[in-house]
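See structure below.
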Amino acid sequence: MTHSVCVIGAGRIGRIHASNFAALKGAAVRYVVDPVAEAAEALASAVGARPAGLEEALADPAVHGVAICSATSTHADLIEKAAAAGKAIFCEKPVALDMERTLKSVEAVKKAGVPLFLAFNRRFDPQFAALRKAIDGGSIGKVEMVQITSRDSAPPPASYVATSGGLFKDMMIHDLDMARWLLGEEPVLVSAVASCLVDPAIGAEGDVDSAAVTLQTASGRICQISNSRRAVYGYDQRIEVHGSEGLAQAGNVLENTVRISGVQGTTDARLLDFFLERYAGAYKAEAAHFLEIMEGKSKPLVSGDDGVQALKLAEAAAKSLATGMAVAP
Amino acid sequence: MTHSVCVIGAGRIGRIHASNFAALKGAAVRYVVDPVAEAAEALASAVGARPAGLEEALADPAVHGVAICSATSTHADLIEKAAAAGKAIFCEKPVALDMERTLKSVEAVKKAGVPLFLAFNRRFDPQFAALRKAIDGGSIGKVEMVQITSRDSAPPPASYVATSGGLFKDMMIHDLDMARWLLGEEPVLVSAVASCLVDPAIGAEGDVDSAAVTLQTASGRICQISNSRRAVYGYDQRIEVHGSEGLAQAGNVLENTVRISGVQGTTDARLLDFFLERYAGAYKAEAAHFLEIMEGKSKPLVSGDDGVQALKLAEAAAKSLATGMAVAP
Amino acid sequence: MTHSVCVIGAGRIGRIHASNFAALKGAAVRYVVDPVAEAAEALASAVGARPAGLEEALADPAVHGVAICSATSTHADLIEKAAAAGKAIFCEKPVALDMERTLKSVEAVKKAGVPLFLAFNRRFDPQFAALRKAIDGGSIGKVEMVQITSRDSAPPPASYVATSGGLFKDMMIHDLDMARWLLGEEPVLVSAVASCLVDPAIGAEGDVDSAAVTLQTASGRICQISNSRRAVYGYDQRIEVHGSEGLAQAGNVLENTVRISGVQGTTDARLLDFFLERYAGAYKAEAAHFLEIMEGKSKPLVSGDDGVQALKLAEAAAKSLATGMAVAP
Amino acid sequence: MTHSVCVIGAGRIGRIHASNFAALKGAAVRYVVDPVAEAAEALASAVGARPAGLEEALADPAVHGVAICSATSTHADLIEKAAAAGKAIFCEKPVALDMERTLKSVEAVKKAGVPLFLAFNRRFDPQFAALRKAIDGGSIGKVEMVQITSRDSAPPPASYVATSGGLFKDMMIHDLDMARWLLGEEPVLVSAVASCLVDPAIGAEGDVDSAAVTLQTASGRICQISNSRRAVYGYDQRIEVHGSEGLAQAGNVLENTVRISGVQGTTDARLLDFFLERYAGAYKAEAAHFLEIMEGKSKPLVSGDDGVQALKLAEAAAKSLATGMAVAP
């Protein structure tokens, strides 16, 4: 039996998820919903779906799941509507930029009894998944310290920053989720230091572009996160986990394996430059996971509560930065 | 306009090429031809094609190209029939195991005036393509010496060896093609040394499983090839090219980027173990290339003549091994 | 002309410095001073010196420099005595564990007008020196963020911890000095998180064994330091510096370049396990630098004031840990 | 007891060996012999020796060993004289460039009953020694195929080439010795291909500058050697050994561990550029080994017979190149 998805949002990330669902044996895209008719039509045509309005799509009992890929500000409403319609929900992170709205949506989902899968892509990245598997397999003993390096290749425009929720909620929230996932315990302390070093326009929006956050769990495990909005050498995504019996490191993914040795030394290829390339495998794995959820074979590996916890950490980081104190999330 | 392919052979490699054509915008699989009806039907159903007999498929003017993925012994006949039918031809290497049959088929193709693309997958591998691009871009100056390391992860069964044509024609022929492609000049001298070190059953078939071949071009460029039928650490596929101004190396592809440090040292992930994984990207690129050929936008990057030249080198290697002399191909 | 050194302290580090001075063209060891007569005699004999009492050695005008390699608690006194005797001073870090005593000694040295070289070994490590040189050469643009990873291979005995001054003053002080050296600006903010994860006996002494400290300079540059008292895979000493135009990383030093590939993957050699091996090159460079100081050709690259600043940062880290606040050093 | 060495030859390599002997506890340099008086005096003064004539030095019973570091053409005579004087002999490779002279000297040494240590430095290189140790420890199972890459960073002047004995005897002889050492069996077949690609002046002297040689042992083990007189990226010295259960690779030694990532990719430091730097550790280990020989604690790890075998392989390579046939050494 094929499970059908309605994809909401025909922008960049919507196109990726739609084509992954379309390529997946057992899944199909039935509708594409987007207020921009041309975008909806183009994507629908590419994936064997048809454009539709939200209400029509949600009313169709042949739709098993809804993939929310629209602007962040619309996520909470759409989650609630999809929940009311009894659909399985796939939602790009975050639920919302404020806690109250987030909690309300998550509550609505629980009441409706539908599964909500919050698409924190990094948990599905083959590199980080292999890292976690190695740790779970005991290869480094008990986790003690985690270091997460996460740098965008280039800063976003200031206009994006203005509505992004700020670095902690927009960018570091991925790393905060990784930290929770790898520490194996909830952080009880958050301490943040941050600066505007990359682009003064980001500072003018009241945001930072370079940040260092430290987390600590109740048993004392520690995580350091380093964020920058610029890395001219490519999208820098590395994690290392230090344990009682060893060290596990997930490295960057290079464009290819070619090395050139010349008078200056030996040069490896560039890093994959952009999150869409770097996490292409993660997006495919997310689609496969959501299919299993629709099929009732799996519970969401990232739930609405995970979104709540990550948001709490991001808010704690912002508060720590503002007060100069380590704060409890 | 969509270009339609008839895939001949519904075995392992046929399934790969068929699904790549099916996934390619602008291409479709129209027929699957295989004497085993269940295999033909299963593959046809998976790629939106229908099973058919060879004559029916070749007679259909809606078929633009034929992808020959059947047993080696059938290639030459099929090439000739497809050429007679005026189809563009995609053929798994080799054309044939003997030179006479190979030349006859290549001649038939030339007379028919159809394009023949001989699918030497390594030219399409993203790693080796990046290597070649770096060399063409001048990053190492003039090519002087090439080293090709090519080791299967595990030896084939002796029954396979019996009909394979032997290591030089079955396995090293890929490396001989790489050598021609990277040396930038035709080899004029071939010198071979080989042994049976891995599996006595291979020796019992009159074949070798470990071989070292050296090629030299008229201007003196040198290539060393190392082959083994076993590499317990994975499918070992590396090339390095030494030039007047530097060294370019294409390395192996690992399962992931995770490194584990423990008391024994630091361990990287295994190599991709199998040619179907390692060259998955190459197969996709081959399909895309053949689509361009069918569209008339591109000439085959590997022609029947390339197949002839590689076979000549393989035959020369066998002769050198038998005589203890460096021989001209 | 040969410049003569009096080495005070014939323990492990004294033996290293003494033999480096002895091997250095232009330098000689004239006296070894140690209350344990056998130790003084053994070392003196090995380096062509003779054992002597402190007063005798300081009174000898043929002694140009004094190398203080004795227990930490004796450093301040010895610095003052050597300064009073007009000798150039080489002193193992730290001057003292408390600020008052440190400032008093540094003041005495300034009054005496003698050079004091505080031997922070990492500034002389060939890896970190090459890192600094690359940064100074402009290879990564303007420094923005520094990450320092520093892990001992095994925890010290609790008895050592009891008199060590604690992790921040004993171990992280090296990293704090590296941070100052690489940030290019003084930190104005220090924020610390720490735990006892490795050995409860360390906690019983009131110390921590795992720590994460973040520094920030006035212009906003950020440094994260990670310390652990245990790394079963070897002495883990890495620094990376992220700048406006690139990333510079100084990696660990391995026992050798041999890699073994087997069914489990590919394994590199262990890290050098111990600071005496890892920093052997640094100790030689320190001796050479001190010779240049004695010869009047160079000023100390690490002064008493550098020791004061590093100690301030260590004290600020301890205060931040105690208060949960980011503090100014 | 100190064992005294007479160093013959005060050139580049003589200075290295002399200073290593001088720095070695238990060894001393007593005489330096060189027809250029200034050179002999300068070196003697630097290592605590005195200049002397050959006869005087050999007549002195306080001399335990002779280190022959003079021009190749003098080696055989000096070996015979030192043997006649009953001294332990350390001799830079080769004994002589022709087989007859080599055999005569080796015979003289055997008759005299003195130890002759032929200083093939690579057996003492820490990287290759670790490689051999890993193999001996069983980490790759049974040795099957060896690949040796050996490239000088820059070609020698044609004047050097004229008297060098040619690439096979001058340069590849090191690799031929490595091959014997790592194959664990004597080669019974040698096949050579070579060109002049780097410098026509080398060709004008009748020599080659780029060569590929294949060896095979009686049980079928295979070794490929690649030589070039130029590698602009540094002195390229790598060996890999493929066995029934894995692969062992000894890599190049870099100037430092610093990596710079920028828009072009990630660049590692250059290789050590010159054999004197790359093999500095090997020369020290040779001195220590010769001291053990003088002390009677060890037999030479490389004997005159090893020199004979390596020369036989070099001559066989030259013959194979001339005849186009694989030849028995």
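Chains here go by letter, A, B, C and D, matching the order in which they are written, and residues are numbered from 1 within each.
As a convention for this text, a residue touches a chain if its C-beta (ideal position, glycine included) is under 8 Å from a C-beta of that chain, and two chains touch if they have at least 3 such contacts.
Quick caveat, the model's predicted, so the values are computed rather than measured.
Trainee: Is the number of contacting C-beta pairs greater for A-B or for B-D?
Mentor: Between the two chain pairs, B-D has more contacting C-beta pairs.
Trainee: Using only Cα atoms to place each chain's centre, name the chain farthest from chain A.
Mentor: Max centre-to-centre separation from chain A belongs to D.
Trainee: Once you find the CA centre of chain B and the CA centre of chain D, what distance in Å lies between them?
Mentor: 42
Trainee: Where in chain A do residues touch two or more of the other chains?
Mentor: Expected reply: 232-233, 245-247, 261-263, 269.
Trainee: Quick one: in the complex, what on chain D touches chain C?
Mentor: So the residues of chain D in touch with chain C come to 23, 126-127, 130-131, 134, 139-140, 245-253, 255-263, 269.
Trainee: Over in the complex, which chain D residues touch chain B? Could you list them?
Mentor: Touch list, chain D to chain B: 144-145, 147, 149, 151, 189, 191, 193-198, 210-212, 214, 216, 219-222, 224, 226, 228, 230-233, 236, 242, 244-247, 324-326.
Trainee: Mind pulling up the chain D residues that touch chain A in the complex?
Mentor: 232-234, 254, 261-271
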